[in-house]
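Going in written order, the chains are labelled A, B and C, and every chain counts its residues from 1.
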Amino acid sequence: MAESTNMRLRLPLLCIILEVILIILFGALVEYNDDTHAKLWNANKSHSATRDDYENEFYYRYPSFQDVHVMIFVGFGFLMTFLQRYGFSSVGFNFLIAAFSLQWATLMQGFFHGMHHGKIHVGVTSMINADFCTGSVLISFGAVLGKTSPVQLLVMAIFEVTLFAVNEFILLSMLGANDAGGSMTIHTFGAYFGLMVTRVLYRPNLDKSKHRNSSVYHSDLFAMIGTIYLWMFWPSFNSAITNYGDPQHRTALNTYYSLAACTLATFAFSALVNPEGKLDMVHIQNAALAGGVAVGTAGEMMLTPFGSMIVGFLAGTISVLGYKYLTPVLESKLKIQDTCGIHNLHGMPGVLGAVVGAVTSALASPGVYGDGLQRVFADAETGKWNPQSRGGFQAISLAVTLGMALFGGLVTGFILKLPIYGAPPDTHCFEDGLYWEELVPPIWHLPFSNRPESGMTNSSEVYPFFPHKNDSKWVSGSVCSLKACLYGESASL
Amino acid sequence: MAESTNMRLRLPLLCIILEVILIILFGALVEYNDDTHAKLWNANKSHSATRDDYENEFYYRYPSFQDVHVMIFVGFGFLMTFLQRYGFSSVGFNFLIAAFSLQWATLMQGFFHGMHHGKIHVGVTSMINADFCTGSVLISFGAVLGKTSPVQLLVMAIFEVTLFAVNEFILLSMLGANDAGGSMTIHTFGAYFGLMVTRVLYRPNLDKSKHRNSSVYHSDLFAMIGTIYLWMFWPSFNSAITNYGDPQHRTALNTYYSLAACTLATFAFSALVNPEGKLDMVHIQNAALAGGVAVGTAGEMMLTPFGSMIVGFLAGTISVLGYKYLTPVLESKLKIQDTCGIHNLHGMPGVLGAVVGAVTSALASPGVYGDGLQRVFADAETGKWNPQSRGGFQAISLAVTLGMALFGGLVTGFILKLPIYGAPPDTHCFEDGLYWEELVPPIWHLPFSNRPESGMTNSSEVYPFFPHKNDSKWVSGSVCSLKACLYGESASL
Amino acid sequence: MAESTNMRLRLPLLCIILEVILIILFGALVEYNDDTHAKLWNANKSHSATRDDYENEFYYRYPSFQDVHVMIFVGFGFLMTFLQRYGFSSVGFNFLIAAFSLQWATLMQGFFHGMHHGKIHVGVTSMINADFCTGSVLISFGAVLGKTSPVQLLVMAIFEVTLFAVNEFILLSMLGANDAGGSMTIHTFGAYFGLMVTRVLYRPNLDKSKHRNSSVYHSDLFAMIGTIYLWMFWPSFNSAITNYGDPQHRTALNTYYSLAACTLATFAFSALVNPEGKLDMVHIQNAALAGGVAVGTAGEMMLTPFGSMIVGFLAGTISVLGYKYLTPVLESKLKIQDTCGIHNLHGMPGVLGAVVGAVTSALASPGVYGDGLQRVFADAETGKWNPQSRGGFQAISLAVTLGMALFGGLVTGFILKLPIYGAPPDTHCFEDGLYWEELVPPIWHLPFSNRPESGMTNSSEVYPFFPHKNDSKWVSGSVCSLKACLYGESASL
């Protein structure tokens, strides 16, 4: 017998407990940093003749932060609205788990690499980092989209954010890796974590919901809102936390060209792999973004526009081919049901980005970077810098990330498998009706003079949705005829 | 007999007269300020060795302005598209009255607190303030949405903008209140003004249009575009006109955490108040934003992330409970028909924000703020500063705002009640067809090979909309069957 | 017999060849500029005691760039989604040709006015300029929307970008014209180029597709996303590449007021020209933007808000009147089929903007501009400045632009007429189905309990779209009844 999907107690309890814990921990641990604290900022200012309010980091990071913020909430949220009956959940659960994750990430990232005398200092840079970590959770969300309850998603976020912070600490602080745009920390980690979770949660009978696991005309247009915002703001994403000056400027430029080249590759291969030469919205919505993922590590380096375009072109190509040829195999052979195809958008391009980053690091030289070398490679300042070993550490970082993601996803997947979270049954995946209030039928496409002007009081009377008492009048006559209209059965009138 | 709703002369005449008056007043009164005037900016520059073009306020305010601008036009505009048949009017009339209000606000705000030798000086700060004032009008629009003609809305804007400027002058200039994010001046004022207007315009027979006063699937997704943009950019809104440096940075940070906590509260209580534990789109679209409203006053103070999260959590909670339990009572007992529930999103959270601001002001001390005290509380600089009296003035400001809003709404409501504006009849509220050109029926969901490839010349031939001559062919047969399809009546075929 | 529209080889081949050529040319010619190159930026820095990383042009141009970027990809892309069956192509082909054009424009603009010792230097300013050039191509796209294949559009972009760069070089470098917001270089050029192309591609039998050449309810709402983003960010567009300081600030301010006045004119005249006083979505979506076009040249000058509002009001007026009275005449008399009405949004307002720019230049004086004169008019610095001759050169620039655009469009039009690009037949214009993968029918509006839970495997089985084998079951029974539902024919059940 099927587990109840009722969220009445589960979701409120979890949300309230989590938020109360967050508030208590913030109260105990979190403080304004030097740029946001009234006393500290003004005290520092008076000690320095040249420092003024215009030099607050707010003015140099906040526009990037807002672009990243748009990617997290509009970009990821709307990208997943492509499903015909899962728009509310896509944008709504994206909203919920992002709002939770950014708070939890502030604590976890602060704990691992932002403690000052036992306190976590916050400002615009910690906001960007928290949004980055959130992005990783949302990537994993893409793999399990439509097959998980909001309670499962919150539980996944708890574990994934924690492991993200650990992995980020190992890479950036222990291995000294470069990964400003997160090819490894965000994309590779989020993708393989999510793929492992969806593997553990494998549903052999998911084809019972397959007629809902596809798009309709307008849902694809909503998804394009997400795509375009991700595409436009990716230069801001990759450059948001680089060093000031030339690295930030260069990263934005490299990402811009990588994405442009990736887009042409995407259109080319999307038409090429289709027997009739028709473009596939799934490719355009996703593969065109792979160019941003693939320069996430090397974008701040002297990759040149030329190099960026080659990387972008390759990323778009492998992403389209992945959607066409690899995703079906992953499902049929490896039992990995990847709703959004995150392996093609974040997984493979993330690994590509890590490799490109390792190679570009290994090729770096003072001749090319001049005095700017230490602004990209922190250890160049300490004199310990060695391009070959740097490339090696970058490669080790990729291996660590893959290991952490797969192991973390495995454990988290088994935790999410417990039958206590109200997961949807196989027959009702990809269906907003499980978790969202009844919807009323549209009347606007009826001619005005023929609309029912009375006789309806509320939605439940006229539109008996999921488990409801008097379905009978729907079954007889009218709906059958509409069903017949759409699906070619003979009408029962 | 019903008043004509024809806008042919009314709307053009009003728009043209208003714009001509605006142009004349701008010609007589408005001048570039020191940062936008070619002569003044360059003259000031040459007097100062350290000032250069990079210090123009454009570079420190304009990104915030653009975020606010997006909230006004996309945020408010799309938030109101949730109605199934009122999307054109929501986003269109929002556009019209915002474009008018920002011009009129420039004059009114300039008149009350921006005159320099008889001239109003304009620049990016006046643009932000004009957008803020516009926001207040759009909040009131939410209360009367679907029940007013565009002419009524423009008339409402004339009065509301004027009173907004008076109230703002009393609060900021006379009482010396702090309200950078406008918990009082924008949200409380706009909400109670709008609620009083809709009270005066009470329609006892509005249930004749109730089947249109609800959402459909895709209209809710359009509304989420508005929600998410408001949510993302609220940190920019609250911080847009604070002092430079730590106050601006801190305000953005506090708002970010308040909104995140508010979102978890919203999801928790939305599921909790529903018998089946299902989430309600109305709550997610609106209540999740209350956290931004509630830190509008205290956001620039040393509220701490901890305090911000508590305020945000409270705001989300009271907002959801308001939608569930208070709005029906307001309509049935107090005859307040509040289409968008602005009392829950702007009214109560605005009052909460004012109270939080008063308390936080009263608790301010040099020990916490250091030299930064005078950057938040202007009177700290003059030496007249006293935290308790400051808290008192904040509380008085709330009372003044409520009084101005209710009185102004009362007078404006009676002016809008005159039967000369083409208001919609009770039977045709929430209906775009009254004010917008005929719409054609969609053909895209028909299979290509079955679409009518000929025989239609223009929309009026195939889609007889509102008052039209030959409705007969629609009544017989086909439409009845579609109506039957959707509403469960037996088809007449 | 009709030409094949299959894109299987044509589109991939063209995309791949173009991208390979771009990559090779970028490798040979493009270098980081002083602000993006690690070595150069840090070398320059160490020579100057006062220069620091905060002065990198990234921080003063990048927020404007991102606003322009949003206009190009979201603004233009979604503005064109108004067609009921062409949303994928509108936003998709917009994406494709923009991604190509910005790369090609980097090379062409660099070749004509950005060469340094044989290399093209790139940074945020070149990114803005490339986006500007792309905007011109997208304007022309609006004229041929729905009637061209993606291959044709790419070929058009190759020629248009090249000629744009030549015309821009003549205007800005040879004639020394001012045109920061591109009234001439972008809008006038793009409009008349596109109008000439569509004239040459005239389709006498386009009325075979006219039932698809119109909007539906939700497609108009998607288009409003485009409109509002263009409207909001136009101040950033016009000011993106002016000089720093007062010119940039002033341009944004002037554009803001011009657009506000234009919006009131648009609503006024839209209602006035309709017999029933109803507003037309086409006008609101387009004409309200004409105010931004019309201050593209004079916006950086001392036009004053007063002058800006007059120009904006005029622009909105002529644009609405153009849609109502001129567009039908252009089609019937001059055989110009202008899908989006670019003549009304970009053509006439562009010419108006050029004239306003010439007059405002001719009236400029040191008395008004002071030391700021040379920051707006470059030749004022050299001492050769003469306001009357400046006005004359501006007028000559308009004439040159019109000549280049018409000639270029003529040649390009004939090239596009070759029957090798897979252009759609007259019967299938404005139809996504030609170039995009099959779509599945929506099921979400069926009550949950009546949805087909099984029996469908993939889209092609249940939704035989364009050229397909077994259409028969659709013709009989069910679809006829839905068609009957919507079009008032008697049902065949």
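Everything below uses one rule, namely that a contact is a pair of C-beta atoms (placed from the backbone, for glycine too) under 8 Å apart; a residue touches a chain by one contact, two chains touch by 3 or more.
It should be emphasised that the depicted structure is a prediction, and the values quoted were computed from it without experimental measurement.
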May I ask you to sort the chain touch graph into line, ring, star, complete or other? complete
Shared interface numbers for subunit A and subunit B above half of all numbers used, same, or below, different? different
Angle of rotation relating subunit B to subunit C [CA atoms, steps of 5 degrees]: 120
Inter-chain centre distance, subunit A versus subunit B - centres from mean C-alpha coordinates, in Å: 30
What parts of subunit A, by residue number, touch at least two of the other chains? 59, 63, 217-218, 225, 441-442, 444-445, 474, 479, 481-482, 485, 493
Subunit B-touching residues of subunit C, taken from the complex the two chains share: 55, 59-60, 63, 67, 84-85, 208, 210-212, 214-218, 220-221, 224-225, 228-229, 231-233, 236, 243-250, 252-253, 256-257, 259-261, 263-265, 267-269, 271-272, 274-281, 284, 288, 302, 304-306, 309-310, 313, 368-373, 375-376, 427, 431, 433, 441-442, 444-445, 463-466, 468, 471, 474-475, 479-491, 493
Subunit A to subunit B touching residues, read off their complex: 6-13, 15-16, 18-19, 22-23, 26-27, 30-32, 35-43, 45-46, 52-54, 56-59, 62-63, 66, 69-70, 73-74, 77-78, 81, 87-88, 91-92, 95-96, 99-100, 102-103, 122-124, 127, 150, 217-218, 222, 225, 435-454, 456-457, 459, 462, 473-474, 477-479, 481-482, 485, 493
